[in-house]
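Some structures to go through are shown next.
In what follows, chain A forms one complex with chain B and a second complex with chain C.
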Partner chain A sequence: MSDVFSVELENIVKRFGNVVAVDHVNLKIRENEFFSLLGPSGCGKTTTLRIIAGLEEPDEGVVRIYGEDVTDVPTHKRNIGMVFQHLALFPHMNVFENIAFGLKMRKVQKEEIKKRVKEILEIVKLEGLEYRRVNQLSGGQQQRVALARALVIEPEVLLLDEPLGALDLKIRQHMMVELKNIQRKVKTTFIYVTHDQTEAMTMSDRIAIMKDGKIQQVGTPLEIYYRPSNTFVASFIGEAVNLIEGEVVENGLVDTSLGTIHCAGSLTKGRVAVMVRPEMVEIGDKLYNVDNLFRGTVQSIIFKGSYIEYRVDVEGNTFVIHKHGSAELGRLHHLGDIVEIGWKKNSSIIIPI
Partner chain B sequence: MKGTNLFLKIFTILVFLFLYSPIIVMVVFSFNESKSIGVFTNFSLRWYEKVINNPEVWKALFNSFWVGAVVTIVSLILGLMMAMAVTRYNFSGKSILESLILIPVIIPEIAEALSLLIMYIFLNIPLGPVTVIIGHVAFCISYVTIVMRARMAGYDRSIEEAARTLGANEFQTFFKITLPTLYPAILAAGLLAFTLSFDDLIKTLFTTGPGFKTLPLVVWSSAARGGVSPELNSLSSFALSISFLFAVFRLRVERRLER
Partner chain C sequence: MGFSDTLLKHIRRNVTVKVSLLLIPPLLFLAIWFYAPFFIVGLYSFDMINIQREIVFKPSLIHYLRVLSWTGAMKIFLRSLYFAGVTVILCLLIGYPVAYYISFKMKKYKDLFIILFIIPFWVSFLLRTYAMMSILDERSFLNVLLTSLKLIDSPIRIMYTDTAVILVMVYDYLVMMVLPLYANLEKLDKTLLEAAYTLGASPVKTFLKITLPLSMPGIMAGFLLVFIPAVGEFVIPELVGGPNNYMVGNLIYEFFMGARHWWIGSALSMLFIVFILSLVITYVRKMGERGLAF
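Presenting the complex of A and B:
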């Protein structure tokens, strides 16, 4: 992994009136990394992106691009590309003119412009559409034009502000894979803002989770999913999560209302929450080889295709369990059944509250 | 139901007859051979010949055109600036400004014209083409602002931001992105300003100096001098057809703008 940082944010603060939109954000984004800013709407992720672009001025803090302090450099002098949420294609220009705009501003020779537009059109798979008007293109094609327009200037960083939001599910899934491929091809840092965790998980090398203007955690998708640093991240990421509060009594042992739970080792002490992902919990009439075992009543059963979601009540606590590969219909549990649920100690993670 | 439909049709026809029959009569009688304006005798273009051979008419037409052009350009620039200010920025007194800009549309033109004249006399400004232009701009700017503001209210500024990220400075962004995308609205507003200036009588009458006449002024003074005559009919029809052309052009632009 590269040790060069393409974008660094140092103690960035941005206020709108009384609202603190970005609250002391520190980030170091590596060269050629696919980095996502993920969070619920209004968490400050778009504002952070706009600060990197220079479209918003931070009230405090420093923005660096490849080590150079660009905090006071205006947008048009920063070497960045940006794909906007509503694409912002120039309606009075055709595909070629849209893509060539940035090159023209940089006073690139005409022949060179033609060559580079052609190359980028190949990368985004839009060959032959140069002279179409942009409003004659499909949503997916417009997406590619916006991407090509931002990439053709060979920016040091590409900023993407929820660019897939307007597309329908199938095209979106397709574009996710495509985006990741394009990023590998052009070898540029991508900073991607989204509220959709699937998008972030699918494409990112690392993700920063934001809430109320603050960074909650920065990590790889796996780290964020399995080692959330707080309960917000634990419940924001993934379809569902089981959290049980308790007190650490010994390394790896947490005293809860359900009794002592065996967990993976942790240095955290005091009040904590124990997290268990639904797919880590086993369910059956009789379980062996689990470190934590409880008996409960099946409350609800939802068939979700590749798995079945059970909700099991254990002494007033509801556990969500995702059971995969339940093809043997005869072994399904039924509403009201008394079942055993359990998991190994390495599946339960201690999270500080 | 059918009866109502028929009634509506007749009613509509009557309304339009009421609106347009004077104009139709004027146009028809401008082709009348006879000097009388009561009886139509023979088709003739002799009155048009007279109008066309009248150097005063040509001079006035020329005046109307260049005054209209200057008024259009000045009020477009000022109106565009005003519309941008009220749609893009927040400043104290903004709502007062927004109401003030509507006043020339609401108050009687004669009051406006008279107050302008008084001001010119008070400030000792000699009357002539410049005072006419100022007078026209003073109300055209309101119409331009209203048209432009409506268009700019729904303007997606992210295309300007996109241009900035692509390396365009504020001037390049304005001239290569903002202006071209506002072009249909600018064209519509400009044609409206031109038509208003071209047709204006009262303001011009009050603020013009000796010897400077626009086309409506020539029509007015010839009516004042000799009463209604076939020559006046053809002169008016002539002026009417020019305004009509501009109005049609403007409507077509506006229709394209809606699409």
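Presenting the complex of A and C:
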């Protein structure tokens, strides 16, 4: 992994009236990294991205691109590319003219422009559509034009603001894979803003989780999923999560209303939450080989395709359990059944609150 | 879904039919008050109405030929084009920055400024023109002020010159340029400008390559809204212009009201209308081709 940072944000603050849209954000994004900013609506992702682009001026803090302080450099002099949420393709230009725009602004020679537009059209798979008007393209095609237009100038950083938001699920899934491939091919830092965790998880090398203008955690998708640094991240990521509050009594032992729970080791002390992902919890009539075991009543059973979601009530606490595989179908539990649920201690993670 | 869709379609179809019924009264109105007189003027111009006001079916181009071979009329026609052309260009040069500033640079009070801009135009056109006359006159308070401040030696004479006609026309028609431009610029997606910046375009380049081409429909609409009435203007040259500032409108007026030669007046009017019409059609075609018609 590269030790060169393409973008560094240092103590960035941005206020809109009383709203603190970005609150002391510090980020170091590595060269050629696919980096996502993930968070709920209104958490300040777009604002952060616009600050990197120079479209918004931070009230405090420093922006660096490849080590150079660009905080006071206007957008058109920063070597960045941006794909806007609503694409912002120039309606009075055709595909070729849209893509060539940045090169023309850089006074690249005509022949060279033709060559580079052709190359980028191949990469985004839009060959042959050069002379189409942009409003005669499908949503997915427009998406690719916007991407090509931003990439053809070979920016030091490519900023993407929810570029797949407007597409339907199938095309979106396809574009996710495509985007990742394109990123590998062009070898540029991608900073990707989204509120869709699937997108972030699928494509990113690292993800920053944001909430209320603050960075909650930065890490690889695996780290974020299995080692969330707080309960917000734990519940924001993943489809569902089981959180039980308690008090650390000893390294790896947490006292809760359900009794003592055995957890993976942690240095955290005091009041904590214990997190168990639904797919880590076993369910059965009789369980062996688990470190934590409870009895409860089946409250609901939902068939979700590749897995079944059970909700089991244990002394007033509801556990969500995802059970994969068709083998289970033979001995489905029923509503109201008394079952055993349990998990290994390494599956329960201690999270500070 | 299918059912409600069909239902919606059904309603929509029936509503369109009913809405088109609403078009009948205004069309009737236009037929009586515009198309019929226009038709009569046509008859006059082709010499199909005689001096006894009877219709005679012997069309002739004699009046057209007289108008077209009369250099005086052609001169006045060209002068009208020149006056209207200068007016429309000045309106654009003044109006564009105003509309641009209000639309792009103002955050609050946009509506207020647009209304402030429109208010003078709630006053009668004639009144506004008279108000302008009181400034342009040799004994106007402006001239008095400037001479007493010793900024000028003797009062400037603007009244009864080309300058006066153009100044008053610009003043009277400016709002017709500003409003369509403003509406157009307001519609312009500002993220397009941001996109241009991220692609390395300076603010000036962005204006020339993005804002200006995308505001062409507004410019053209303003152009037509100013140019068409300006070229046919006859009150302003009558009030603030001298005998050398006659425009086509004055000439037509003279033939109908002064000389009472409706045949020449009609031929002049027809030629004039055909000219304006071809201008508009060219415009609509051109904009339509580029998909930019408003």
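Throughout what follows, the second predicted complex is superposed on the first by the 350 of 353 C-alpha atoms of A that agree within 3 Å, B and C clash if a C-alpha of one lies under 4 Å from a C-alpha of the other, contacts with A are read in each partner's own complex, and residues count from 1 in each chain.
Heads up, the rule we're going with is that a contact is a pair of C-beta atoms (placed from the backbone, for glycine too) under 8 Å apart; a residue touches a chain by one contact, two chains touch by 3 or more.
The structure presented is a predicted model; accordingly, all values stated were derived computationally and were not measured.
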| item | value |
| --- | --- |
| When chain B and chain C are modelled together on chain A, clash or fit | clash |
| Which superposed partner A:73 touches (first chain B, second chain C, both, neither) | neither |
| Chain B versus chain C as contact partner of A:84, first or second or both or neither | both |
| A:123 touches, of chain B and chain C: first, second, both or neither? | neither |
| Chain B versus chain C as contact partner of A:133, first or second or both or neither | second |
| Chain B versus chain C as contact partner of A:102, first or second or both or neither | both |
| Chain B and chain C contact sites that coincide on chain A, given as residue numbers | 53-55, 74-77, 80-82, 84, 86, 88-92, 101-102, 105-106, 149-150, 153, 159 |
| Touching residues (chain side chain B, partner chain A) in the complex | 156, 158-159, 161-169, 172, 176-177, 180-181, 183 |
| In the complex with chain A, residue positions of chain C that touch it | 189, 191-192, 194-203, 205-206, 209-210, 213-214, 290-292 |
| Parts of chain A lying in touch with chain B, wherever the complex brings them together | 53-55, 74-77, 80-82, 84-86, 88-92, 101-102, 105-106, 149-150, 153, 159 |
| Footprint of chain C on chain A - complex, ascending | 53-55, 74-77, 80-82, 84, 86, 88-92, 101-102, 105-106, 133, 135, 149-150, 153, 159 |
